[in-house]
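The structures considered in this document are given below.
In the two complexes that follow, chain A is the common piece, with chain B as its partner first and chain C second.
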Partner chain A sequence: MTAAAGVQHNRYWTNTKRLFGSQEGILLLLLMLLIIGVGLYNPRFTTERNLTDIFNANAYIAVAAIGISMVIITGNIDISVGAAIGVLVALSGTLAVELTAAGLPGPIVLLAAWIAPLFGGMLISAINGLFVAYLNIPAIVVTLGTFSILKGGLILIAGGSTISALPDGYSLAQQDLLGLPVPIWVMAVLTLVAFAWMRWSRTGRSQFAIGGNAEAARLSGIDTRRQLMVTFIVAGMFYGIAAVMFATQYNTIQTVVTPGLELQVITASVVGGVSILGGIGTVIGSTLAAILIRTIGAALVFVDISPFWLRAILGVLILVTVLADVVRRRRQERM
Partner chain B sequence: MTALLELANISKSFPGVKALEDVHFSTDAGQVHALVGENGAGKSTLIKVISGVHPADSGTIQMDGKAVKFRSPHEAQAHGIATMYQELSLYPELTVAENIFMGHAPMRKAGPAQVIDWGEMNRRAEEILHSLNIHDMDVRRKVGALNVGNRQRVEIAKALSLDAKVLIMDEPTAALTESDVAKLFEIVRLLKERGVAVIYISHRLIEVFQLADKVTVLRDGKFVDSKPVSETDEDDLIHMMVGRTITDLFPKLPSEVGEPVLEVKGLNRHPHTEDVNFTVRSGEIVGMAGLVGSGRSETAQVIFGILQPDSGEVLLQGQKVHIKSPTQAMKLGIAYVPEDRGTQGLVREMKIRENLSMAVLDTFTRFGFVIKRNERKSGEELIEQLNIMATSGEQVVNKLSGGNQQKVVVGKWLASKPKMLIVDEPTRGVDVGAKAEIHRLMSELAQQGLGILMISSELPEVLGMSDRVLVMRNSRLVGEFSRAEATQQNVGAAMMSDQIATAAEAVAAVAQGDDA
Partner chain C sequence: MTTANPARNGSEFSVRLQGILLRQETILFFILIGGVFLMSFQSDVFLTPENLLNQGRLAAEIALIALPMTLIIITGGIDLSVGSIVGLTAIMLGVAWHNWGLPLEVAIVVALLVATACGAFNAFFITRVGLPPLITTLATLALFRGLAEGIAQARSVSGYPEWFYILGQKDFDFFGTATVFPNQLFMVIIGIIAIGAALAWTPFGRSLYAIGNNETGARFSGMPVRRNKFVIYTLSGFMSGLAGWVFVSRVSTTRSDMGNGFELTAITAVVVGGTSIFGGSGTIVGTVLGLTLIQLMKNGLALSGAKGDSTTIVVGLVLIGAVLLNTFISNPPARLKRLLPGQD
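After this line comes the complex of A and B, so read on.
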């Protein structure tokens, strides 16, 4: 009986250790400490409204980070994510305005403007995937190319113009559902769905196998090219959703690519514990990281520190995370 | 007289493997000392200890009677030890002279600054090459434009420019043409005259007799013997290299041999597989012996669909098949346990359960999702059947010992319920206990009616486990022995005899050169 109790105790201890030994646990802990700490310093920080704003503001980053986390876990990268979102935002806004002008009924216009970016994102990513998976060109080169094309193309076509006069009901990201803004719901639900899919689906399993050891995966009969292609396309869908969330958050749309957006997305993924070397990570981590990043940014204002410190703090977070990953891998290799 | 370099009681372990155990080695100035042994005997580890790449766990190293410690390649170099690895460490975009003087270029004063003295560097590079009797090399040429033989010469010149007292050559002739081999031999003799101690590693025994003064034999990481070359002969060396007593380490169980499972007819894939014919029957373990590079692994990879054949037929249970990919080979019932489990067999960050199910994930998948309960059950069965030492199937593979990792690779393929199992070096780098278990497992699988093709560089393993032994040499099947016929001498000779012929020709070429 004592032995059994010991085992029980051990299991709780192991689970606790596992939670706070994981990147997700550490991020959760940091997030809670930060909110409580800053809240004690400045109670206005912990008002419901402020916290909701914080969670809401980076939701589209979190959703894009889900997509890119999948790509990074396969051992690849996608630099074009920011430019792709920029183009898809413009696509959504343009469709909304043009289709309304063409006299189509409101609900159809909205549906088209909300759905088309998803397919657009899948198409862009499919092109990336084709080059990476079937033509064996390094992802960083391919996506750097598409990044340039998309960014340049958008400037040529849209010329940096502002889209306004968006139709009624378009602003999905400004709606509330059961007392919370829609983006928070989207972020939470997609994170859980993607987590489950990556953990329990055959494709998800393949993503980790390919990122961990592509050669072993191929020799085990996994169709690595197909699975990479699927991964890119699914990631593209998440970029599309992120684009709709971005496009519908204000009443006007700037048709430019947000500078450094890809870095924000990749930062969320990496700080979230997705190993840049592939094979390790979860989207729960990347979503928590996206929230944490925003929380740090907001907290700086509330404790009267210049928000320009945010970049430096993010830099430290990235380095610490990557260092931890490398140290852990080295330790395992030595065993 | 004190030896130039003397190693005593050297031991070195890697996780799960004792690479060297109590090894002795000593060499004098002006001596060519051959280091021989089977694959995995510990030669490479020993030279890495000498060159400071892997510091020894215990034991002493002395140079000229003084104790030294090499904690890094840099320290070894500072003591005059130069190493020429099989993959040469040269910079292809730099010139011959720049490579020779990499890191210690002659300098001159230009006003207040020190700059490289290019004229002096090129002049001295030429001087060194001339001293090696090399007169046809332009020191201003980029190394990338040179052939392998010439690159090797640059590497030797580099060692001399550093005043190397000991030069280690790891299989220097492996990639050379015959005329380059002849030139290399000539250079080795010049080095010897200059008082350099040359440690020479080669699989080609005839080279040992042609070049070396002394020979040291290693086996299973242990020192076997060290004697003057004049006091030994080829048979003696082969015997020392492979002459383990075949004990009950390899408990081959009798099994019933049935119909052919795999038939290979006239299989060609340039350059490693030339006209290969053989049959493996159900219940049979067919061993495939041969030196590294003889084409064994490549032939297996052609059968498994990793490489495409140029011509030839593969029949599976009498049916002609065209295998285009590993996926297809698997579906047809062939399993291939690759030679290098690290790069080809395992995803180390993943759990045992996930690795075990990787080749058969389809069977656990419904609507694109993995049914974890079935997967876990199958994993637990395999862990028990293979006696994998792990806390549970949820353990990450990285945490297992080498032998247990290998069992996971084997288990992954058993999960696919193959009819034909190809294993490539199934027990490389695993400890004795795990080795015996893997052998027991293979015997049991044969009893269950699998056909097994076992590629192995360990002769005792081949002889102990196989019902029949095939020998490959220079991309061809050159011998087939029944279990009774397969003796160390027979198989060993078939593996190496052609190498002896090739080297003998090279030796003849040197002799001619000397005459002229």
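After this line comes the complex of A and C, so read on.
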């Protein structure tokens, strides 16, 4: 009896340890400590409105980070994500304005402007995937190239103009559903769906296998090229969704690529515990990291630190994350 | 029966010729000549010494960064933090002079020391702690830029004394005779010669190729792998500092967003120049040709009326084209392989 209870207790303890020993657990703990700590210092921080704003503002980064986490887990990288989102944002806004001007009925215009970026993202990523999977060119080089092409192409076509006079109802990201802003719902649902897909689908499982050891994955019968291609295309769809969330959050759209957006997305993924060497990570981690990053940014104002220090803090955060990961792995190896 | 493989006949000369012709540097050189030829029809201004040398002035900062970047990529590493070091150097220069009241000469030295320390910081985490270069320099890309932003608090510094602008804005004064040769190109040329010679002809340079091909093998054969890697990442910081100094002198002002995206342009130039992103191969000559090609293409397009940054399209196309070419040369499709001599 007592022995069984001991086992029970042990298992409970191991599970607890596993939760807070994982990157996701640590991030959750940090997030809670930060919110409580800053809230005690300045109660205005923990008002419901402020917290909702925090969760809302980085939701598109979280969604894009889901896509890039898949790519990084396969051992690849995507530098073009920021430029792709910039182009897709412009695509969405342009479609909304042009189709309205062409006299199409409202619902069709909205549907087109919300759906087209998804296909656009899949197309852009499919081109990247083609070069990476079938022509064996390193992802960092290919996506550096498409980054330049997309960034330059957007300036060439749109010239940095501002799109305004968007049709009624276009602002998806500003609407509420059951008391919460739509982006929070999108972020939460997509994170859970992507987590399940990566955990239990054939492509999801093979992403980890390819990132762990691409040659071994190929020899054990995984069609690595095809699975890489699918991964890139699915990631592109997430960039498309992120672009729609970005495009619809304000009443005007700037047709320029946000500088450094790719780094924000990659940072969320890496701080979330996705190993840049591939094979390890979850999208729950990357979403929590996206929220944590935004929370730190918002908290600075409430504790009277200049927001200009944010990037330095993020740099330290990445470094600490990776160092903690190294320490953890060395300890595991010793055990 | 005796003529089993016609390619074998007189193969030595053709193999050697093919070796020279199929080098990325040679191919780049011909593409460069062809590009310059075509663009000289587009605009009367393009093929003048003034314009070409002015392009050299504009490309000088990236050139200073691309030189050590070549060494780093040859070892199979990468440095994403260079653009942020440029920004931090610029801010340190401005702050040390304007806010701390140091003489400008001392402020320049302080800024260069900070830049070198940034490089050594990267080098420490990469060689001593053993973190991957991509992630280390991704972190310091944010960290160094963040320090620049935090120190600057969105204030810019300008109004430097006149002598400070000689480096970045004036042409070489040859004993009172005005030339059209930008001063900062001397710094670039010294860098090309020093780093190019070190890479090609010293044990240090050879060891970088060995590290890129097989790091463990290089260590077991007794090469100072850690020390040499430490040197190149620190050098990268120092050269980014020089680039920051030249940049401030050229544009007369200090802002915290200076050098944004330089890392991507420098890496592009290195890869276009034929250095393999996997490490183990590449030359300084290739990098110089790659950067020249990119800068002249951008200039040619701008002269024929392309808007602002839209010229980066050509940078992306050249990059992907060059890598496809590189892959194609080192591993031609089987059908073509049979036609070429000396590949079997």
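One rule holds in what follows: the second predicted complex is superposed on the first by the 325 of 335 C-alpha atoms of A that agree within 3 Å, B and C clash if a C-alpha of one lies under 4 Å from a C-alpha of the other, contacts with A are read in each partner's own complex, and residues count from 1 in each chain.
Simple rule for what comes next: a contact is a pair of C-beta atoms (placed from the backbone, for glycine too) under 8 Å apart; a residue touches a chain by one contact, two chains touch by 3 or more.
This is a predicted model, so every value here is computed, not measured.
In the superposition on chain A, A:G159 makes contact with chain C only, not with chain B.
Once the two complexes are laid over each other on the shared chain, residue contacts for A:R311 go to chain C alone; chain B is not touched. Of the two partner chains placed by the overlay, only chain B lies in contact with A:R202; chain C stays clear of it.
Of the two partner chains, chain B is the only one touched by A:N213; chain C is not. Touch criterion met: A:V326 reaches chain C, while chain B stays clear of it. When chain B and chain C are set side by side, the one touching more residues of chain A is C.
Of the two partner chains, chain B is the only one touched by A:I280; chain C is not.
Considering their complex, residues 200-203, 205-206, 208-209, 212-213, 215-223, 279-280, 332, 334-335 of chain A touch chain B.
Those residues of chain C that touch chain A in the complex are listed here as 78, 125, 129-132, 134-136, 138-147, 149-150, 152-154, 256, 260-261, 264, 267-268, 271, 277-278, 306-317, 319-320, 323-324, 327.
Against chain A, in their complex, chain B makes its touches with residues 15, 306, 326-327, 330-331, 336, 338, 343-350, 354, 358-359, 361-362, 365, 368-370, 372, 398-399, 412, 416. Those residues of chain A lying in contact with chain C across their complex are 77, 79, 131, 135-138, 140-142, 144-153, 155-156, 159-160, 259-260, 263, 266-267, 270, 276-277, 306, 308-316, 318-319, 322-323, 326.
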